[in-house]
Amino acid sequence: MPRLLRALTIATVLGFAATLYLGLFAAGTDIQQGAVQRIFYIHMPAFFGAFTAFGLSLFGGIMVLAGKSADWDKLALAGVEVGLAFALINLLTGAIWARPIWNTWWTWDPRLTSAAIMCLTYAAYLMLRAGFDDTERRRTFMSVYSILGFVTVLITLFIIRIVPETIHPVIVGASPQNAQGSFEATSGVMLALAPSLLLWLTLMPITLMWHRYRLEDRLESLNRAKLKALSE
Amino acid sequence: MIDERAIIEVERLSKVFGLLPALQNLDFTVARGEFVLLLGANGSGKSTLLRLLSGLSKPTAGAIRIGGWEMPREAMAIRPHIGLVAHRPLLYENLTARENLSFFGKLYGIEANECDARSQALLQQVGLSRRADSLARAFSRGMKQRLSIARALLHQPDILLLDEPYSGLDQAAAEALDGALATARREARTIILSTHQLQRLPQNAQRALILSRGKVAYDGVARAGEMTAIYQAASA
Amino acid sequence: MKTSYVAAVLAIAGKDLRVELRSRELLSLMLIFALLSILVFSFALELDRVAREEAVSGVLWVTLIFASLLGLNRSLAQEYDQGNLDALLLAPLSRTAIFIGKFAGNALFTGLVALLLLPLMTALYGKNMLDPRLVLTTLVGIAGFCALGTLMATLTVKTRAREALLPVAMMPLALPFLLTAVRATKGILTNATEWQAWFQLLAGVALIYLVLCLLLFRFVVEE
């Protein structure tokens, strides 16, 4: 393992432990919502972690199409897998929070719907990827798909600014009128949120994606060796 | 217009599909007006080379210059000068022979009256003038191939590339093809024709290029009657 | 001797139109499918009048999307099976002209199906589906969907399982259209002001996809 990756891994694990402590213990309990509000310190950062990972897969897709090395395709794949995992954490934590606050696990609110569409889109990426034998064609197809798929990420990010009928609260900035379960971004909240957000935006996706990239790299050299052994 | 002597220059050309190399380090030039036979077994890279020369696929490494233009980069300048007869006919089944030609004429920016006149002459040449208004789907393989030759010549390309044009042709179609090739020779067009059938080689080719496993195995004079021996020596 | 852009687009779309007028394969297939789909939905929802009225916009869009998928597959298969796409690529044309030409043909056929569907649904479902706002929404949605579809079908047509792969590849990417178009349609039918927000979102998504597909097409056809 490269030394930098080892350092990143240690930093990520320590950072995660620290932000968990900040969110679960150091931050004050919300008066109205109680302890369940603490899930927010993971819920929102997870979305932005997914944003970083999907963004990197978009970048990987662009680089493949720009005729750069085929290695970028592995980055795109790593981005999609890590991003999808984060997006699912985001949905799951959201559902757990919504149960006591909105009195339901799930509602077809525009924001929730678009987040679900985003997850489906990237889940389909993995399914489609498995359906190709021709690696060159697969690379083109998946790159195009990862670029188009990013539109769903942007929609999820901006939908509440365009369609105001959502009940999903916005913590940083003005909440929509009919938002339910909003709370104030006091300095205490921000103190626990900011480090967590930073961690999920940068260290978490990058470290995980790097590991995933290395794994894919090994699989590929294994396949190459197999092909070589078979042809001899 | 293209007027250099070496109309096609290929330098260290390689094409890799995934992990499989299809062409490795090809180096050759083709002079203007030359008629080159491209020989080789199935899978030796003939079609890949013709697709690269016609700009339908991009080289993994190396350079192709046609008339001084760099192939993938300046393809737009080269395209009007290339005509391709591929293995598949590249025709619309639900259009008539004449409509097919007039459609491709529009794509090459040929003025409508001019295009009609050329189509008429070409259909005559390949022996399809009586079937000009029937749908291409009703054509036999040989007739489609003849129409395909007319399509490739419609924009009067300087370079004519033919990929296995003799396969599946009946006698009449093969003769029409020979006729078209002879005319193209008279009009000083450069021709590259690929085939794996050594028993059916066109008569007036000057040069043969034999590919074996993606490499040039022979590059020299095409002597009628001796090609089989040369071919076997080269691919051994 | 570079061919003019507009001439190339018109030639390609015109060719599709001519082939279609002759064989009527695609349009009749799409129309019959659309009619069947409408009928199936209206039988399935017949017992409950309220449910049926609620479902109108969903019925419209699901029908249009699947009808258009049928057309897209055929349209690109026709280019690919005889190698015609290669012939288009050999011509001195901008790759975007080829995309727009194919896209225009596909959008035209789906648009025609929609224009026949709207009066029919007006009769069957007792809603005014001929509201100009609704016609506009329908056409914008179709334009975006067909842009995406033309690109994706160009990709899937080269694979073995193309008939199955196209819907699987298309549906997730098309969900933003389905969602916004259905909401906008519903808004128009119930005279709610929120249709505008959804319509804007639909138009935005359609525009983004159109531009992206236009830019990406070159990479899809070149090997």
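Lettered A, B and C in written order, each chain numbered from 1.
Everything that follows uses one rule, which is that a residue touches a chain if its C-beta (ideal position, glycine included) is under 8 Å from a C-beta of that chain, and two chains touch if they have at least 3 such contacts.
On a predicted model such as this, the values are computed, not experimentally measured, just so you know.
Engineer: Which chain has the mean of its C-alpha atoms lying nearest to the mean of all protein C-alpha atoms shown?
Structural biologist: Chain closest to the assembly's C-alpha mean: C.
Engineer: Could you see whether A-C or A-B has the larger number of C-beta contact pairs?
Structural biologist: Answer to which pair has more contacts is A-C.
Engineer: Farthest chain from subunit B, comparing Cα centres?
Structural biologist: That would be chain A.
Engineer: Approximately how many whole Å separate the CA-defined centres of subunit B and subunit C?
Structural biologist: Subunit B and subunit C have C-alpha centres separated by 37 Å.
Engineer: Please report how many Å separate the Cα centroid of subunit A from that of subunit C, as a whole number.
Structural biologist: Their C-alpha centroids are separated by 31 Å.
Engineer: Could you grab the centroid distance between subunit A and subunit B? Build each centroid from C-alpha atoms only and quote it in angstrom.
Structural biologist: The separation of the two C-alpha centroids amounts to 51 Å.
Engineer: Counting only residues that touch at least 2 other chains, which ones in subunit C make the list?
Structural biologist: If we look for residues of subunit C contacting two or more partner chains, we find 223.
Engineer: Multi-chain contacts in subunit A: which residues touch at least two other chains?
Structural biologist: Answer for subunit A, listing residues that touch two or more other chains: 136.
Engineer: Which residues, counting only subunit B, touch subunit A once they are in their complex?
Structural biologist: Residue list for subunit B touching subunit A: 17-19.
Engineer: Would you tell me which residues of subunit A are touching subunit C in their complex?
Structural biologist: On the subunit A side, the touching residues are 65, 113-114, 117, 120-121, 123-124, 127-128, 131-132, 136-137, 140-141, 143-145, 147-149, 151-152, 155, 159, 162-165.
Engineer: In the complex formed with subunit B, which residues of subunit C make contact?
Structural biologist: Checking each residue of subunit C against subunit B gives 1-4, 7-8, 11-12, 15, 18-19, 22-23, 78, 82-84, 86-93, 222-223.
Engineer: For subunit B, which residues count as touching subunit C in their complex?
Structural biologist: Going by the criterion above, the answer is residues 51, 54-58, 76, 79-80, 82, 84, 86-95, 99, 103-104, 106-109, 151, 155.
Engineer: Quick one: which bits of subunit A touch subunit B in the complex? Just the residue numbers, please.
Structural biologist: Residue list for subunit A touching subunit B: 134-136, 224, 227.
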